[in-house]
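Here chain A shows up in two complexes: once beside chain B, once beside chain C.
Let's turn to the complex of A and B:
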């Protein structure tokens, strides 16, 4: 049996998404920006406009112009962090991000620091939640942006966006949230939370890779990210990834609340089986306040890459936050930021689910996991005496 | 990514376990908190029995297993200079995995060197 439980990294493209995309390679291959040159361009432009409107409506945006397509979540996050910092420099040179953001945010912030900007990295508690009082204290007169994710890609912990939005907007600062891993599993409309910018990554929910969606509230000052033509309201030059845009639209259309219910059941089934059958485990993240498709456990006394390789041998794909798996012998910076020790990070495994997983797959995974952890513990010098 | 010999020893590690009255025990723990322990029995300067325990990545486990096979019946004097170069004779070492392999080598040497 082959079981793909690495859906937080990327998901299978839905057949309906792929079918919707194919005409944009074969028939509608002109660029929408050629709308004033020929009817080929007009035909494509109409369809791209329709997709943009569909997405805008889904997000409760006030205008399709609030939707900008990028090459992916990483580009969208780079665009926000650098584009907001550069465009608002006369207001100040300070930005705030949480310490458990995706690397595309952390590394963009580090680059800004080298250019003379100041960055505050907010600490999180043992469940991975940002401390709201520290957030409030960290906002200064020269703060131009706060970027805090919806949910975490390793542990699934969901932030208290309502409270964060209130604090940030109360101080009149721009608020970006990286929803790459969370949306549409958490189906939020940015305007309900005071969000000015939001990153969406369609390949995390059965859309294609190579397309990202960035919601930018009308009137937000942001510097153009890629120079060239006037595409994307003159904010992001480059030929539009038309099959990607159409695929993203279809992925949103085909995602349903029933998917979320199903995925949640699968996650709970695996949790129940782990708790029943495997002693000395620890949940990383929050039990009640977590994304429905991400589960992260530490299996004490054994190492994560050894577990994941043994699982792979049984056809089961997962990832680990173990230091051995990294290139610098550093455990996951997310688990470390949550106060987990190297020991605790060492045997951590992330399972992430999709609507294409089945109960049978989960029960198979649970039984193999039990065998493998027992086997590796027999080998281990830790935890017995 | 994983050489065949590493996969083979990782999936079927040889000589796993503890020895009740070993001549020497050596252990090593790295900054990532992986840990290996070697137990050796030595008679007339020759390793006659060897076992180990390891909580580490696939490379660390496989190299413990390879060392345990390699060391049996060899002289302590010969084994005390065991190094990364000896492991390289079994497979090409990925750069990222040097620390994991050193874990196993260091635990082994910590058992052998006090005997020389």
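Let's turn to the complex of A and C:
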């Protein structure tokens, strides 16, 4: 049996999404920006406009012009952090991000620091929640942007966006949220939370890779990041990824609340089985405030890469926060920021679900996991009193 | 299964040899720690007359490369004299496994270190070596030849990443030809400190990155 439980990294493209995209390779291959040149361009432009309007409505945006397409979540986050900092330089050179943001936020902020900007990295508690009083104290007169994610991609912890939005907007500062992993599992409209900018990543919910959606509230000052032509309201140059845009639209249309219910049940099923069958485990994140599709456990006395590789031999795909797995050989900075020890991080495994997973797959995973953890613990010098 | 490991690594990882403990071991040694992600405990039983290793067992907390190296290196030393065992390097073990991906080579060093430490302790115990020597620059270089650059899989001595080493009043200063913001800078620094902090006359280790 093959079981894909790495949906927080990327998901299977839905057949309906793929079908919707195909005509944009075969027939509607012109660019929407050619609308003033020929009818090929007009035909595509009409369809891209429809997709943009559909997404704007879904997000409760006040106009389709608040929706900008990028090459993905990483580009959208780079665009926000750097574009807002550069455009608002006369207001100040200070931005605030949480210490558990996606690397596309953290590394963009680090680059700004090298250019003379100041960055505050907000600490989080043991569940991964940003401390609101520290956030409030960190906002200064020269702060131009606060960027705090909706939910975390490793642990699933959901931030208290309502309170964060109130604090940030109360101080008159721009508020960006990276919803790449959370939306539409958490279906939120940016305007309800005082959000000025929001990143969406369709390949996380059965859309194609290579397309990102950035919500930019009308009137927000942001510096163009990719230079070239006048595409995307002159905010993002480059030929429009028309199949990607149509695929993103379809992925949003085909996502339903029933998916969320199903995924929640699968997650609970795996949690029940782990609790019942495997001793010495620790949940990383929050039990109550968590994304429905992400589950992260530390299995004590064993190393995560060994678990993930053994699971892979059984056809089960997961990821680990272990240093041995990461490209820079460092333990997960997210778990460390939550006060977890290196050891806890090395033994962590993330399971992430989608609507294509089944109960049978979860039960199979639970039983293999039990065997593998027991086996590796027999081998380990740790945990033997 | 398309994994970046050789068949032999996978075999030893799935069914490691010589796992366990030796109750009346002559030497038991642990290298690494759970905090650094890899830990290996090695047990040796040595014939007091011939100094031949008659039994060897290990336990490992670590990734696939670590477990597989522990398995193969314990196979390799069985029946060897302690002198012969001392000459087995992580490279021999990695080669015996059909090679390891560069980024994983550092995991194989731990098993070789545990073996060398165990043999050293055995030799000290049985009077086969003389008393403590002060740490010299040569000794530091020798220790650092076990620190692997994860990018290439080659140790930092051989890859000329060491610019300068000085030792004064128990403080070792090491200048490296590596950019401070290299993705592996932190990892290399940790490994260097792990290699040197246990030397009896070393109080402090300073690692500087420069290019």
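Here is the rule we go by: the second predicted complex is superposed on the first by the 382 of 385 C-alpha atoms of A that agree within 3 Å, B and C clash if a C-alpha of one lies under 4 Å from a C-alpha of the other, contacts with A are read in each partner's own complex, and residues count from 1 in each chain.
The rule is short, and it goes like this: a residue touches a chain if its C-beta (ideal position, glycine included) is under 8 Å from a C-beta of that chain, and two chains touch if they have at least 3 such contacts.
The structure presented is a predicted model; accordingly, all values stated were derived computationally and were not measured.
**Q** Overlay done on chain A, so just call it for chain B and chain C: clash or fit.
**A** clash
**Q** Does the superposition put A:381 against chain B (first), chain C (second), both, or neither?
**A** both
**Q** Is A:306 contacted by the first partner chain B, the second partner chain C, both or neither?
**A** Both chain B and chain C are touched by A:306.
**Q** Residues on chain A in contact with chain B in one complex and with chain C in the other?
**A** After superposing on chain A, chain A residues 301-303, 305-306, 309-310, 313, 322-325, 327, 329-331, 341-343, 346, 378-382 contact both chain B and chain C.
**Q** Applying the document's contact rule, which stretches of chain B touch chain A when the two form their complex?
**A** 2, 10-11, 13, 16, 27, 30-37, 53-61, 96, 99-100
**Q** Show which residues of chain A lie in contact with chain B when the two form their complex.
**A** Spelled out, the residues of chain A in touch with chain B are 301-303, 305-306, 309-310, 313, 322-325, 327, 329-331, 341-343, 346, 376, 378-382.
**Q** What residues of chain C sit close enough to touch chain A in their complex?
**A** Touching chain A from chain C are residues 1, 3, 10, 13-14, 16, 19, 30, 34-41, 59-64, 66-67, 103-104, 106-107, 150, 183-184, 186-187.
**Q** Can you name the residues of chain A that touch chain C in the complex?
**A** 301-303, 305-306, 309-310, 312-313, 322-325, 327-331, 341-343, 346, 378-382
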